[in-house]
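What follows is a group of structures, each given as structure tokens.
First chain A sits with chain B, and in the next complex the same chain sits with chain C.
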Partner chain A sequence: MSNIEPAHDLLDKVILRQLDLLEQKIKCELNIESNVNNGSIHLAKSRYIMGQSSVSTTKLPTESSPDFSASIMCKTIEEDGMTKLKLYQNKENTIVPLHWFGVLVPQNLHMAQKIFQTTLSYVVECSNIQLQLKENMKNINALRKYLNIISKS
Partner chain B sequence: MDLKGSLVDTNVRIYPTNGFLEYIKKIKDDKVPENILKLKNGSDYETKCNVKDFDYFAKTVNLTNEDIELLRTIKKTISRDSAVKVNKTEIEPEFVEHDKIKTNKTKTISKNVTDNDEKLTDKKESIENSKSSNNTIGNDSEADKNKGTYLTTSDVYWLYQHLQQRRTNGETVPYLHELLEGARIEMPGNKVLKRNPVLEARCVKLRAQQEAREYRKMTKGVDNVRMRFPEDSISYQLKQVNRQLIAIGQFIISIFAGFLFGFKGVEWMIGSLDFGFRLLLGVMCALVIALAEIYFLAKKLNEELNIPETVQLGGPPKFVDAKKNEYLVKEPKKSTDKEHQE
Partner chain C sequence: MALHAAVKGKLISVIGDEDTCVGFLLGGIGEINKNRHPNFMVVDKNTPVSEIEECFKRFVKRDDIDIILINQNIAELIRHVIDAHSAPVPSVLEIPSKDHPYDASKDSILRRAKGMFNPDDLVR
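Take a look at the complex of A and B:
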């Protein structure tokens, strides 16, 4: 069959891509880590400024508090034949989470919120890479099977 | 108490197999990346070549449209093929020789399953293992021999381009995936940060002081000597009264200033005004200021006067004993040998 050459070449490419994706994922996870660290430091600083009791878990909504929906949501989309996750802003029935801790909150709390929001996009990016990794793994398996069949027949 | 540091080196490490190594040793080229040279000439080989020389290699290989098309057709043929095979096995199960294959669906290309396929699953497992935990212990002993020499992805890219070049020149060279077969892929590990013993000792001291303070607070009610102190002393009472008087005085002064502003200041700014209007203005200003001020006053009066204890606090003796405490380092005695005294 004339397909053998390109198939071999394609398998090479797919494996290279797998390696590349692996590295991308590690980098992405590192990004997440550093972002979460940064955000936590800002959170700690605002806790230091406002006092221990004003920024703590006791201020978070409990089960009895009124319902609200998340302000940033995630949806799956199809792009280039691949399933991807994407973030989008939700406008309905949302709340401002900073108001849990008071109306006049320090700047650090705002910064922490921003940082955690960017972290969210990194998380989505990471899961996208994970999806691609899985897809790629399937491709590798399919190609291997194909080459096997050809070499036997 | 050791912390895990974050990753510094994000490169995946690829430990090649023997066949791969032998092939690498055969490469005759001047411009070779450092890691490949190391593999070629032993791990302690030092290179003088500049790493920057290899920056011009494309670091990504993109799938073209034709590639994607090909992939799709291949997948189709595979699915058709396996469907046919599955049908066969269902009709004539006695022809299936390998029992393993029947149970494991991932290996279902029925009779065509060879060693190759098992290698594939091996590799997949190794990839997945290394994903889940950073310390995969390679099952192949050959890789352990070459510890310290590994390839990074850029080397593999280089190799790919190198192979392609040779292939276009008409040479018969093995494919990259054949070379990579069975190679072990490892994730870079985290560095473990040891805690500084000085910091540890300081933490122990602070913790001991904190606990001693809490203990003193707790036992205040049952200690005859300290029971009346300091709340019953005259200085404490006077201070308390003073504080509250000052707070109230401030409150009154600011209200009065507000009233004056409305009563006089506006008149000075604009010109002569009616007396009744001035009075109204003054009262309005005073009211607004009073509202704001009441908040601060309430806050201030709510606070309790806190006189720090003058006694130097030390930890209870249990903290001095190093053997009982897991956090303790060699000599915490210096910091905590003072017991609380009355």
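Take a look at the complex of A and C:
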């Protein structure tokens, strides 16, 4: 019986943490949304300057293009006993993505690139929050099972 | 292969509309590997749902991908496949696009997390 109270207190804490994580996740998604919108405006301005099809999927590499590596990747790290993702700059076999759209590209395309690079840090932050949410959900389920068992006995 | 990927870092893949793909690839996440497999898929109004589903499953199976970005409106089309994915890695992140703002009530993780707050369960 004496084990029930501490378990309930712990469950309260974990649930509060869950609500906090939900709020953080929504905030992060809204940051991604405003960045994607800003980036899209700069892509549209680039299209206006360069022509409709000059900034489109037709310029992206295809399966027949030579192989290359991503310049921005992510790495798994252990921090405070938790698995986290972190952005990582790769310098091997990379290319300059701006060159897909031409050599002298407008300033707006550079701006769009910077904005989408910033968005990537929000993406990783959001993924980390998601990982914590999943971990927290496991803890809540485990605590509920434990409480069920001890309340029956 | 796995060791090599761990040292090198892992990829962020994207399934999205034209602007989302162009933008994130411009950001530097795009890759065509030695087997000529890209880590991105551009979805337009003519793309069949089966193709999106197949691509998503392929990305989940790849051990060099840590994050899968997918536009929320596209995620809606393959919701059953996304809901079935429960492993922590790769992390599936539903992102808004310029035409479809973020809707928290549709997000797979948030729906799962909110589902835990069933009023009956919270009563002591």
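Note that in this section the second predicted complex is superposed on the first by the 149 of 153 C-alpha atoms of A that agree within 3 Å, B and C clash if a C-alpha of one lies under 4 Å from a C-alpha of the other, contacts with A are read in each partner's own complex, and residues count from 1 in each chain.
Here, contacts are C-beta pairs under 8 Å (C-beta built on N, C-alpha and C of every residue); 3 or more make two chains touch, one makes a residue touch a chain.
In this text, all values refer to a predicted model and were calculated from it rather than measured experimentally.
Peer 1: Touching A:Val123, do we find chain B (first), chain C (second), both, or neither?
Peer 2: second
Peer 1: Can A:Val55 be said to touch chain B (first), chain C (second), both, or neither?
Peer 2: In the superposed model, A:Val55 contacts chain C only, not chain B.
Peer 1: On the A-aligned overlay, A:Ala112 touches which partner chain: chain B = first, chain C = second, or both, or neither?
Peer 2: second
Peer 1: Which partner, once the models are overlaid, touches more of chain A's residues, chain C or chain B?
Peer 2: On the superposition, C touches more of the residues of chain A.
Peer 1: Using the superposition on chain A described above, determine whether A:Lys145 touches chain B (first), chain C (second), both, or neither.
Peer 2: It touches chain B, and chain C stays clear.
Peer 1: Look at A:Ile72 in the shared chain and tell me whether it touches chain B only, chain C only, both, or neither; answer first, second, both or neither.
Peer 2: second
Peer 1: Which of the two partners, first being chain B and second being chain C, lies in contact with A:Pro97: first, second, both, or neither?
Peer 2: Second partner only.
Peer 1: Taking the superposition on A as described, I'd like to know which of chain B and chain C A:Met137 touches: first, second, both or neither.
Peer 2: Both chain B and chain C are touched by A:Met137.
Peer 1: Report for A:Leu30: first if it touches chain B alone, second if chain C alone, otherwise both or neither.
Peer 2: Both chain B and chain C are touched by A:Leu30.
Peer 1: Is there a shared patch on chain A that both chain B and chain C touch, and which residues make it up?
Peer 2: Touching chain B and chain C on chain A: residues 8, 15, 18, 22, 26, 30, 33, 137, 141, 144.
Peer 1: With touch defined as at the start, can you tell me which chain C residues reach chain A in the complex?
Peer 2: Within the complex, chain C touches chain A at residues 6, 8-12, 18-34, 36-40, 42, 66-67, 69, 88-89, 91, 93-98, 101-102, 104, 107, 109-110, 112-114, 116-117, 121-122, 124.
Peer 1: Per the contact definition, I'd like the list of chain A residues that touch chain B in the complex.
Peer 2: For this pair, the touching residues of chain A are 3, 6-20, 22-23, 26-27, 30, 33-34, 81, 137, 139, 141-146, 148-149, 152.
Peer 1: Applying the document's contact rule, which stretches of chain A touch chain C when the two form their complex?
Peer 2: Those in contact with chain C are residues 8, 15, 18, 21-22, 25-26, 29-30, 32-33, 36-37, 39-40, 43, 55-57, 59-76, 83, 85, 88, 90, 92, 94, 97-98, 109, 112-113, 115-117, 119-120, 123-124, 126-127, 130-131, 133-135, 137, 140-141, 144.
Peer 1: Can you list the residues on chain B that touch chain A in the complex?
Peer 2: Spelled out, the residues of chain B in touch with chain A are 6-7, 10-12, 14, 59-61, 63, 66-68, 70-71, 74-75, 77-78, 81-82, 106, 109, 112, 114, 116-117, 120, 124, 127, 153, 156-157, 160, 163-164, 175-177, 180, 185, 187-188.
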